[in-house]
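Next up, some structures in structure tokens.
Look at the two complexes coming up: chain A is in both, with chain B in one and chain C in the other.
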Partner chain A sequence: MEAPPAAPAAASPAVPAVPAVPVAGAVPRSTAIVCSDLRKNYRDTVALAGVDLRVERGSVFGFLGPNGAGKSTLVKILTGLVHPSGGQAEVLGGRPGSRAVHRRLGYLPEQFRFPQWLTGRELLRLHGRLMGVESNDSQLLELVGLDAAGDRRIGEYSKGMQQRLGLAQALVGDPELVFLDEPTSALDPLGRRHVRDILTHLRDRGITVFLNSHLLTEVERVCDRLAVIDRGSVIAQGATDDLLKGPGLRVRVGELPEGAFDDVTARLPSHVAPPTYVEGVVTIPGVAADEVPGVVRTLVDGGVPVYEVTFARQSLEEAFVQLLQGRHPGTDGEARA
Partner chain B sequence: MTQPGATHPDDPRGLAGPHVSGTEAAATEAPLIARTCPEPSRAPGDTRASPTRGLAAVGPRFLQVWYRDAFVFVKLWKTNLFPPLIEPYLYLLALGLGVGFYVSEIDGVDYLTFVAPGIIVTSAILQATFECTYGSYFRMSFQSTFDAIISTPVNPEEVSMGEICWGASRATLAAAAIMVSLAAFGRLELIWAPVILALQFLVGMQFGALSLLITSKVRQTEYFNFFLSGIIFPAQMLTGAFFPLSRIPEVLQPIAWAVPLTSAIDLTRSIMLDRLGPHSLLQLAYLMVATLVFVELALRSMRRRLIG
Partner chain C sequence: MSRSGRLQDLRTRADQVLVLAGLTWKEGVRRRTILVGFLLTVAFVALYGTGTYYAFRQFDIQSGTTSMGEVGALGMALDPDFYRDLAAYQMLSFGLFVSSFLSAMLVVFLGAGMISGDAENGTLQTIVTRPVARVQVLVGRFLGYASVLVVYTIVLSGSLLLLTRILSGYTPPHPEQALLLLLAQGLIVLGIVALATSTLPQIATGITGLMLFGVAFIGGIVEQIGTFLRNDTAAAIGDAVHYLAPTDTFFRMALGRLTPGSMAVVGEFLTGPFGAPKGVETGALLYGLLYLAACLVGAALLFRRRDL
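And then the complex of A and B:
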């Protein structure tokens, strides 16, 4: 086995950073959101350091990043709640925050609370009045699975039901673009599945969904495109399938002897992407099926206690951790989005 | 594997295909910067896309914000309505009948008659103040209600105006409640009731706006204590609500008259005691100007708070 130049996994992100959006280019009607060199400073703190982003219409777009990476700032700029310090942004062909855009926009804030003594239906009707439309509350309640609970007080709703009601509120007025900030964080698995079905339904109707979520499994399952932001910059964006490497090897291992990981990394074939180690699992992307025995032998010869070997596609969590390990030395693989 | 960078241009999945016309394809030559914030997408009266600020940016949608507040309030009418109704009655009993028992006459009338306008106005401003401090702050910070509203066609000025008008409505309700009992005691001629209520709405707007201005500046509710203990409560005591201004040191009297609340109380008293005169017009003008100034300041400051 040829030994490539040793390169620590952390220094080579598996998903390369890309220059996301060409500064000079077209903004066709098929594009829902375009950001170009978008910047935001809060006094001495740089929240966005020149974000380039493009979201196609009719897609479910996942937006990921560690805490404090700038996710909420970007969503607030795009919904007109924060002024950018520089750069350009265009939403549905107009200026973020303009009334013309807001007529076609839905937004579910991250930390919302509803008046507990209103009913779900009343809340949707009140929001319809604010949107200046007749609320299609019965349809919306049915869509989010609250048709039987629509006339009950919100105080009697579970957290998950309130979150689904928030989703319904964001859909009042048939928006073309919906911003959802952590819409599944309080949901149980069944609730999350329900929301996934709703998002798929919205995509089928041609509605663009901008999904800000830290639940990577959800994003991986439902989003057809995604972007990762870190320290105010988009470090990767593209189709979900393209961002996830695969197939590859996932190897559950025991405690690694000191230096074993670097030693094995150096001895892997040169075309294999650098492996990562996350919570007892070594992931080696880009391994072909006929290379598996050789790679496993390399691991065992290198002193790695191998317990289980799976041939699988990289998960979004692994891709996410790989991306961030390259930028946050010392990150132990904790997946934060 | 396709590199993410290569997936970029418009739509690798073909979503855009049917939508991109020849004209749009030709438009690819145009620089992006020239296409951002296109003017044609700006709707008439779109205040957020123009530099219009303050009162000039308020359109009729503020009524929907007012309606939302009122609807939520009425849903809890038992809890919301009774305490504000009972409180002025306690004042009336304590000051009018309690203290009034020891005070035979003040300013040419019995004490209950003298103090009634003061109780009306102070009850009104307290309602507006609490609604536009704690109430608005709760909706703004804890419920994210304003964020959800501003993402609709309602703009920040309309949100603020709706809040101020709702505060003024609650002030008017409180005033109306106490006026009912005053009428029963024979201390109020009902013919003046609409005028007094309209005046309380104006005073409610003034204090609602001042309170919202404070709300736009604070980062936690504890700071409201400074406003309430440092401004509102002393103002109630030193603006002629419960005793004539002539009783405070002469050197402080110009300061007391500079506080618009003094004019509000004196004007309400003039109406109720049939003492209107040219000075009443001046007082009304002063109240209106002060209200306009506070509203304008509150609207501008809230915009800065809501859109960072």
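And then the complex of A and C:
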């Protein structure tokens, strides 16, 4: 089919080809997604209990939460698959589910299945036709590492290959905004790294990515902004760096001599927060990188037997567990089944 | 939007519908369902042809003898052509009942997944998030199955009509109209399936399609018996059932197009498990078309509201 002449201009995002993250200088950092008091009830269960959310254009936005917290429901509302019970949502300045918005969207559902009797390339062409654009199937197949398998039937693909094809499918028609719902759940570590690289590539091109995931290491590495949802409500959102406490020093120590802990505490730089001692680990938050050797020397001089020193900011996993622990007593932050 | 822009938009929308409709055929070819269906159909037609061939050869050999049974002999003696036509019509009504049943089954089994099946397994979610209106997806899928139905019905029922004509020499008065009515019957079944699949799970859709087809058939029999025994209640019940699902009405109107005028006298005696012929009524035709349209409009509305 011939591509309608008007479509490519509308579909390709107005993003400079320069691989630079902050597009802010050229394009005003406008908003890709806004939700206010978004609610969804399924019969007796509340899936979303008034979600307020804002996603800036050009960001890789991580959306986290325990299973059943409402992550997929929100994505389905934003892609027009599910009708909200109340509240407002705006995607790329339009109504979720409208054709004008869909023309600029890509979506990889959590549970998806492609016709097993099509080849990978045919699937991408089908989606290109539905988008009304000339399909760049070869490019996309190469991007996700399926160029050799593009002409094989999807039925012969492994789960990981299908997921990568799903990712390619979500990128058909140069979308401005891509929703990825657990895009790495079926992938092995190598495949995950590959997807991470693709996400970085998308971010560099200024494409907004909305990433649903419970693989926290992954989210921590690629997402610049985060929101955490639990039981249908957003309980935290902001820049990744702001949400994670850090950096800090974690020191595994031996048995502390009498009075050594207080002694050392008194000799630490004044701006450093008071250290804590829990089960053989002394944690000292608020230490800057160039202060590490000095602090370690203070510990050693104070008679503290030091076995191991880690300098790192709080991991997302720690932050996540901390956030959820109070809300789900006795479950380590995992939602109860 | 400018006029050329609107035209362009219309063309894009039509293209999207055609792509989706074409998928049905592609799937049929790739998964060999068309091949298997074709081979089984050939087997059925061959069987029917063999039966018809021997029936009418016997007919020629034994015409006028008492070995055909007394009624047969009497009929033959009175009017050999009439008797041949009657026998040919009976063969045809039996064959077409099976073929229309097969068409309906095909439509129910294929169409039950049209919306709900694809929604349940996650195929639909990536399609409807493209710049396609849901009604386009519905129309595309409907057209795909409708075209399969049309080809299947023409090949199968057309073969039966042709074979009967060649082997028995009986020429029904309006075979092409009968074919159209059979097509309409299949499309009504597909309409019911489209409505059900837009809101019910796949299995429930299949059951609904089968049950309504069956209920309409039984309703037809109740009505026949009522008419035959001059029992108004039974006739009224049968008639009411036809409003619920007018499939049987269309089948019987198709049979009516195959009955020669000379058979009007014995019309009532043609009552049988395969349905009694019925004259074409404008009201029934109109009702059927409205019924189909209502199914499709309802399907579009339900599908639009559905959470996927």
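To be clear about the criterion, the second predicted complex is superposed on the first by the 239 of 337 C-alpha atoms of A that agree within 3 Å, B and C clash if a C-alpha of one lies under 4 Å from a C-alpha of the other, contacts with A are read in each partner's own complex, and residues count from 1 in each chain.
As a working rule, a contact is a pair of C-beta atoms (placed from the backbone, for glycine too) under 8 Å apart; a residue touches a chain by one contact, two chains touch by 3 or more.
Everything numeric here is computed off the predicted structure, so don't read it as measured data.
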* Evaluate whether chain B and chain C can sit on chain A together after superposition, giving fit or clash. => clash
* Have a look at where A:109 lands relative to chain B and chain C in the superposition and call it first, second, both or neither. => both
* Structure fact -> Partner touching more residues of chain A, chain B vs chain C, is chain B
* For A:80, select first, second, both or neither according to whether it touches chain B, chain C, the two together, or no partner. => both
* Asked: Who does A:243 touch here: chain B (first), chain C (second), both, or neither?
  -> first
* After superposition on the shared chain, which partner residues are touched by A:30: those of chain B (first), chain C (second), both, or neither? -> first
* To do: Show which residues of chain A both chain B and chain C reach, each in its own complex.
  => 76, 79-83, 99-100, 102-103, 105, 107-109, 111-115, 117-118, 126-127, 129-132, 169
* Structure fact -> Listed in rising order, chain B residues that touch chain A in their complex are 1-5, 7-13, 15-16, 19-20, 24-25, 27-33, 35-38, 41-43, 45-49, 61, 64-65, 67-68, 71-72, 75-76, 142-145, 147-155, 306-308
* Structure fact -> Note: in the complex, chain A contacts chain B through residues 15-16, 18-31, 34, 36, 42, 54, 56-59, 76, 79-83, 88-90, 92-95, 97-103, 105-115, 117-118, 122, 126-127, 129-132, 169, 173, 179, 224, 236-239, 242-243, 245, 286
* To do: In the complex, go through chain A and note every residue touching chain C.
  => 1, 4, 6-7, 76, 79-83, 99-100, 102-103, 105, 107-109, 111-115, 117-118, 126-127, 129-132, 153, 166, 169
* **chain A-facing residues of chain C, complex** => 5, 8, 11-12, 15-16, 19, 23, 26-27, 30-31, 121-123, 125-133, 305, 307-308
